[in-house]
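Every chain is named by a letter (A, B and C) in the order it is written, and numbering of its residues begins at 1.
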């Protein structure tokens, strides 16, 4: 990472005013007692082991719950056994849209099967959305905004809220799941967590293990882009995708 | 569900009669004395030994809500003196009862000696219907009415004192009365004390909606725990010459038919 | 200034006389309250919901009590993530900070996702004055930006606009064809805003939460404009009231359960973004610069008051607006500033040292519906009561003051009360008929009798009746 930005010169005075408002002259010497900040690495790992065990034991149940909740909030849910089936499903969606340009990311799931072949056979051109040597920031943007369909894997899915968690990184552009009007998320059954708590406990462990480093961005996608800003009438697809598909791959 | 008492409470004299000091509220005292009389009648019918500390004036709520703390404090102190003792204090108003039970503690913040007196008072203070259903444990007070009645949840009774089922049980047990729930019975009527004169247009608009809901039930009367709401609703009903009446619940419970 | 300080009386009276507004309000407010009630009741037993509120309330309060500590933690962690952190004492300073960033980056166009703080700052006019074009991208905010208005509701800024209003605005500004179809209107906005997203150099967002532990800004949105704003332009600036902090990343789960349910009745919104600094070198896209601006702008007035500080727990869900009988009739604009409804009636005068909204603490019937729905258990009526003495000093009329002085004299002794009521009975004689007063020009009484009859003082008070025989129990 590049050098860390300097602290603002206004910071100390700002904090001092707050202390005065709270009736304290000095900075607190010991941190306030807030249990979620206190657990150590050992205990957090223990917590995660419990979560993983729970999630493993209830895979099918959580997949069903995810599917049910997702349907309620507007996902089109498809359950398939294998990535080959998933690839076929993606191609079918593209064909149904007469999609020409399909942008996708480059997660692990795309190595589990050939996703691009079926797409090409459906007359769509799959493009991996990545910046880097031969694609400038602007051309990545243009490609994403032009696409008819976006396809990505996920880092996690959360059954409680029907959320797909996208963590952008190398190979995973932010715009793939945002710019195209139709979006497909590929969720491996082993990626499904049960609750929001499971997810944030996971993030915390990563944060602890990474010595305070976190991903620059994470996103929950929990249904189509929606607005009710005109006459409280629900309308989808205002800025993000209006149609969203969730492919749950695997069955227990 | 209804807990019955013999029609004549006296036929089974309890070893010691319950003693209650009536805090009649300034509004009832000056504008609705018949409501106070009704409350006395109901309490006596249930064999309560009712007293009326004659020096009482007001609990101080008007000044407190108006932002006049010094004035409110003076009047509230006086109230503490007048209602000292061990008797229950019965208040036929959810709003005044809340003033005593909830807001005196605000008013006397930091004044430990007075707060101790407040706590002592709070422990024996009850809103009228609360006193009937929680202390005397009756639903059927031997009242009669003919026609349907809808119940408006006075805001302070409902949200400061959490009084909701008690008054309904009391109404339902009135012989000849049919309880008809209105839409949004928990919605404020728009009175709000000083609010009603500070923002009469808004107050009136809120009231319109409440009256629409009352009228939609087709009930003969809307009853509630507070004369503030009664004054507000009845004032508009009269102005518009509506047939529906607004009654304090004590009036309904004192009724002997008609 | 005095007019501005006590403007609610006039603006609210205008609002209740606007039938179109009344109709919209009725419809929208009902929609929100029903959705919220269903979302809460269908999923949690009341005790569970209560425990969640209790926990959220206590986390927020503890954070406020240690705000210096947690803001320091925010600062260190955001910088560790490679972001810049700025501290702004007031709106002017916050504007200066944003302008500096914009100028340093030669920014010509700014896209914004919803930020109430930017409304406080009046950032848009500030940018415009410097030749920078701000474009609101939340559909509701976009509509009111075109209409040159302020938000009507925390959650639904343009709820007072009908489809016809929106169509006319789009015809004027975007030269679109007239339409009555909401879907079409959304599509028009989508296309217009796509251009803006693609060409803007800077994105400005708000922050629903700022997580101290990880230096993460959390955005809760439905449209996707928040993601665009924070992903597409080269620079992202997040504006946050200094009280937006929550301590730990694991606290987020609780707040994400409370906020959308209370706001729109959703289990979760379509998008939640977690922003921890600028893009990393290996990332494919995302902003190269990230700035967090922490804004005081009068919040200190609340923080330093042991009781008012509770209002800083607010997570801006808007639930208290929807259930408020006053808001239901007046809508948001009557409140005169950025934050309407019950919470606005507290923070507007408090943040502005009573230079605005001095009569707002009275703009409540104290019915308490707000405190029952508030997901962080702010006792709104109590705080309004706390503000009333100051509000009375600033806005009380002579008649009211005189009345209060008379009132306390009157209530000091039974004898004086009876003297006064004798006098009142005498005075009301020419006014009252059949036990009521129908019209009067006396202050206060005139207000009452606008739409209601007023009961005449009874001929015999209760106390008198008691003395006259009621004291003796009947046989």
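The definition used in the following text is that a contact is a pair of C-beta atoms (placed from the backbone, for glycine too) under 8 Å apart; a residue touches a chain by one contact, two chains touch by 3 or more.
Remember, predicted model here, so these are calculated numbers, not experimental data.
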Contact graph of the chains (line, ring, star, complete, other): line
Max Cα-centre separation from chain B goes to chain A
Distance in whole angstrom between the CA centres of chain B and chain C is 33
Distance in whole angstrom between the CA centres of chain A and chain B is 55
Seen from chain A, its contact residues with chain C in the complex are 1-2, 4-8, 10-11, 13-22, 24, 27-28, 31-32, 34, 36-37, 69, 73, 129-132, 137, 140-142, 145, 160-163, 168-175, 178, 195-197, 199-201, 203-204, 207, 212-233, 235, 237-241
Contacts from chain B onto chain C in the complex sit at residues 24, 26, 28-33, 36-37, 40, 44, 50, 52, 54-58, 60, 62-69, 71, 74-75, 78, 103, 106, 155-156, 158-160, 186-188, 190-207, 231-232, 234-236, 238-239
Per the touch rule, the chain C residues reaching chain A in their complex are 27-28, 31, 59, 62, 65-72, 75, 77, 79-89, 93, 137-140, 143, 156-159, 161-163, 166, 182-183, 185-186, 189-190, 193-194, 197-198, 213-216, 222-225, 227-228, 230-232, 234, 242, 247-253, 256-257, 264, 266-286, 294, 296, 300, 303-304
In the complex, the residues of chain C that touch chain B are 8-9, 12-13, 16-17, 22, 325-326, 328-330, 359, 361-369, 371-372, 382, 385, 388-393, 396, 400, 404-405, 407-408, 410-414, 417, 421, 436, 438, 444-445, 447-448, 450-458, 460-467, 470-471, 473-474
